[in-house]
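Structures are listed in the sections that come next.
What follows is a pair of complexes built around chain A, which joins chain B in one and chain C in the other.
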Partner chain A sequence: MMDRYTKLQMAGIYFCVAIFLIFMLLPFFEMFMASLRPLEHLFRSPYQFWSTDFSFDAYSKMWETVPLLGRYIFNSIFIAFSVTAITMVFVVPAAYAYARLKFPFKNASLAIFLGVNMFTGAVLLIPLYRVLRSMGLLNTYWAMIVPGVAFLIPTGIWLLRSYLEKIPLELEEAAFVDGASRMYTLRRVVLPLAVPGLIVVGVAVFIGAYAQQFLFAITFNQTRELQPLPAGLYEFIGYQSVTWNEMMAAALVGVLPVMVIFLFLQKYLVAGLTAGAVKE
Partner chain B sequence: MSDVTQSIKGGVKHGTARRNILPEGVFAWMLVGPAMLFIGVIVAWPLAETIRLSFMEAGLGGEKYVGLANYEDLVSSRKFHQTIVRTFYWMFLSVALKLILGLIGATLLNAAIPGRALFRVLIMPPWVIPIAIGCIGWLWLYNGYFGILSGVAQKLGIVDGPFEFLAYKTSAFYSAIVTDVWVGVPMVTLFFLAAMQGVSRDLYEAAWVDGAGRWYRFRRITIPQIMPVIVSMSLLSAIFTFNSFEIIWILTEGGPRGATTTLIVDTYKTAIGNYKFGEGSARAVIIVILLGLFSLAYLFFLNKVNKKYGAK
Partner chain C sequence: MATLDLNSISKSFGTAKVLHDISLAIEDKEFVVFVGPSGCGKSTLLRIIAGLEEATEGKILIGGNDVSDAHPVDRGISMVFQSYALYPHLSVYENIAFPLRVQKMEKGELDQRVKRAAEILQLTDKLDLKPGQLSGGQRQRVAIGRSIVRNPKVFLFDEPLSNLDAALRGDMRVELSQLHRDLDATMVYVTHDQVEAMTMADRIVVLNGGRVEQFGTPMELYHHPATKFVAGFIGQPNMNFIPSTVIDTANGLSVELKGGHKMVLPVDTTTVSKGDIVEVGVRPEDVTIGTTGVEVEVRVLERLGGASISYGSIGGDTRFCASLPGDVRVKEGGSVTLEIKPEDCHVFDANGYVLRRQAAPELVA
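Moving on to the complex of A and B:
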């Protein structure tokens, strides 16, 4: 019927998909190959794609070379998780207000939130550094969590608002008529209905927090034990003799836990994006 | 007080007030207030401070008011003009590529072929992993001695010896663009795909019955239907790309000889690298102004698009 393809078209589509996927996955493939490559291979010329002395040694040695690797992995997830949790605490009530209530300066304040989306931390680093210093937060987890939260709140409000708008009003009205207070209605009626939306927004915020912790970490935190994965590994790149194969192994193993979690959550994320944020 | 007749949006009137209900405006601000306060301390105040610092000569030693001197330096600096031009070129090229590839990718993944759920998962890793980790992979790819790109190019005889992608001005710039596109494409693709799946099948079927081919349906149905998403994604991508810092910093630190120095990298180098807080702040203010103007122009354009394509 309409969706039927000829064999040739099918082949063409798969060919294009293959090229697209190669582009998306090439760096991972390269990192994996590099992790197998013995160090003395690095400057061997001509270039060898494969040789028999490739091994998985790097995956056991990396734990000695990067002694804090486990800690970095934990830090990354811990920071991203904390950012997500705190962001949601701020986002949920605010998004509800923007979705349902009428109040003075509604549009103006929403514009301010969206305006924050325009900056990244990189523009505000110096004063941000001073703010964090005066609060005594430098070189703590908070130095990386607090800015992360601030820059993700607007995105969260924007995403969640469009979900909450889709929840039928009748239930809230019914609760209201029955004499429930506003807060009670929000907690007991709206939030349970919004769970799928909360998951989507939570995952989106988590990805944002996880993918972008590098800048704040290298600027606001000097404590090695607290560094997230990217900052922890980046430190090694500056060294005289970089054991590249171990570095690649560490990077791959480092992102593995989150990739596995994501594999389980991606279905919700895609379904949520389809249902919510885009189709207004 | 109008408490008793307060209503949620739907307009339900309450004749009897069993409890003292908060006025809607007060309640709303109780909900929005904390988020606003947080943003105020962490973003608005530093922004005000940045503006103040931009009129100072400030460093580790202290601050001295210098008026517009920092701005005057920038206005008369040819290097800075080049940086602005480079930044916009960087932004337009990268965003264009992200949108084109995103559109192609979404169309491919939207095709009814076996395995598309798997393909959809496989395009997401660049978006999900820390940007800095992806860049370490690209750093290796671009390496002349042990990267696969240079390796394959040598085997094919395109280059004689190892080719260092990040060592030459032009190749470093385009290499950084490729990596930036790589980071940005999955999200754009996903949003386009979501939008495409939201287009009503009836439209396609009606066109198909009338004998419209695939290309015609794509041009006349898909594109207009998802236009609002295309426009909003291009604004988002433009802002991300303009502000893209980690990719350039890890790949080249703005080099070689400034070839990949965009405004954001220039600001970071000036302020954090050289401790020239005042000059760095002036750059930051200019970034904010440029992005603000750009966004306004964009919103204007978005309005027109929405009118034309009748976005709900």
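Moving on to the complex of A and C:
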């Protein structure tokens, strides 16, 4: 690895990475700055980067402005976790089947999965609404969980399938020769080896679930207590004024637990995304 | 009793036919090696015996019972894979115990069996390690351990030594032969290395292009190769083939070798006639430096100490390799006259089939 790049190339690489990171992180930084500003600052011109009356007041006042904020944050995480858990229950056996078994319409159905992914949830909102209504699921957690799971299964299958395909077939053949059933092999051999892949897919599904819940929440759920954070943030938009600083503070606090989890899993994410790239 | 009989096994992948009508009768406790060049169908045949692949046609009998549709465990086979196929997340102990765990064997007996296998394979102090912490030879032994705990009737090995370095391979050859004696089981061993085949096998199956070229003991194959392919494959360095013309077929086969040397060879002449083109096969170790014989131009001389291997040609384009005494006085770029005894010659007709030798050495057991 060492000395693979010249100093100049390294400088170039770091420069590009820096640009990219700034592009990605600037909105978060601005969110943070906005959350510190007193409200009247936000509309002041010219833009003032720093002033002495910055404070963390918004972080305490937001709980009063929107009393259910804690509940919203919990809902967000609860829904995303439920979606992830249920999705994985479906994705693991399906991805394994696509990776290893032969069955009719295998490639066709995989292509259809990908095709479904091309539709955004938005296109299907009205039919989905009718389905959920006839099943009596509107205004429950299920209204946000079920469509979430449905839209994430295809992505999950695609991601996990390619990971499972990299597990040497001979390991499974060895287990088969020794008398292990498919399920036993899956449990004792394949899944333990697929842990990095499962984490990558789990995280990807979680992100997906977190991102899409807003749309489902505002369409399929009217119950305040069940709203996730992105929908709950709407309550910072009052009749007279919008407390932007508190909204930004709430948004940051809401994503904080997720960020912490990601920091923990980062090692697996990197390992998972590069697995198979290096001969072991 | 675990005899292994293959009755007319054929295998096609889609339209590609990779095994053609293979019939073999392998005896109980025999060590049989399938040998042949890469892609000739050795692994496919082994996998069909294992039950990992289904034969397109034909039957497999183990101990006289038709097991063509049976599960590997019910066939009573176990298999050692080329890549070892160890489970990287399990300890050596759990790897060896795996087939017993599948059977839900009672703890005490399982422990006893795993420890016994570990003892045979000198892995007792490695039981807590993961496969990743072992050397190649040790991994190989774990893979063998996993295959013996189940007490199968037939062991199948697919190129088990090909991932090891040369020195270790030599040691493992000896260990495997020892293991075969200790376990007293039928073993089928696949390799592309004719040295492994010659040294370990009771009998060798030479495969080529999905067909059995010959099935016999190592010395049978060495002294009586049935085809030019077997003759060229068995023996190190490889046999030389000299294009020759038949002059007469009465009282042995009179031929004129390329380069003009004439010989009368003691072989069966019923299938050839005067004027036919045949190939005379001569093993490098069967030639001596002399005054009459074939004239060979020496290009390279490799001095190994005990022997010197000369690589050269007859008349520029027929390659000829000779194994000469270590201190032979031959110059690279020079030429040398090599004497060949008629009874050492093998003769192959235009289709590559041998003309049976009539004065070959007696076979040792």
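The rule we apply is simple: the second predicted complex is superposed on the first by the 246 of 280 C-alpha atoms of A that agree within 3 Å, B and C clash if a C-alpha of one lies under 4 Å from a C-alpha of the other, contacts with A are read in each partner's own complex, and residues count from 1 in each chain.
As a working rule, a residue touches a chain if its C-beta (ideal position, glycine included) is under 8 Å from a C-beta of that chain, and two chains touch if they have at least 3 such contacts.
Here the structure is a predicted model, which means the values were calculated and not measured.
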Contacts of A:Val253 with chain B and chain C, given as first, second, both or neither: neither
Touched partner set for A:Leu160, first chain B, second chain C, both or neither: neither
Touched partner set for A:Phe151, first chain B, second chain C, both or neither: first
First, second, both or neither for A:His41, with chain B first and chain C second: first
Touching partner for A:Ser109 - first (chain B), second (chain C), both, neither: first
Partner chain(s) touched by A:Val91 [first = chain B, second = chain C, both, neither]: first
Dominant toucher of chain A (residue count), chain B or chain C: B
Partner chain in contact with A:Val189 - chain B first, chain C second, else both or neither: second
First, second, both or neither for A:Tyr5, with chain B first and chain C second: first
Which of chain B and chain C A:Val66 touches, first, second, both or neither: neither
Doubly contacted chain A residues - partners chain C and chain B: 170, 173, 176-177, 179
Chain A partner contacts - residues on chain B that touch it in the complex: 7-10, 12, 14, 18-19, 21-22, 24-25, 27-32, 34-36, 38-39, 41-47, 49-50, 53, 101, 104-105, 108-109, 111-113, 119-134, 136-141, 145-148, 150-151, 154-155, 161-162, 182, 185-186, 190-191, 193-195, 197-198, 204-205, 208, 228-229, 239, 243, 245-246, 250, 264, 267-268, 271-272, 277, 280-281, 284, 287-288, 291-292, 295, 311-312
Contact footprint of chain C on chain A as seen in their complex: 168, 170-171, 173-180, 184, 188-189, 192-193
Partner chain A, residues of chain C touching it in the complex: 50-52, 71-73, 77-79, 81-83, 85, 87-89, 98-99, 101-103, 146, 150
Parts of chain A lying in touch with chain B, wherever the complex brings them together: 2-3, 5, 10, 13-14, 16-17, 20-21, 23-28, 30-31, 33-34, 37, 41-43, 45-49, 76, 90-91, 93-94, 96-98, 100-104, 106, 109, 112-113, 115-120, 122-128, 130-131, 146-147, 149-151, 153-154, 157, 169-170, 172-173, 176-177, 179, 181-182, 207, 210-215, 219, 228-231, 233-234, 237, 244, 247-248, 251, 254-255, 258-259, 262-263, 266, 270, 273-274, 278-280
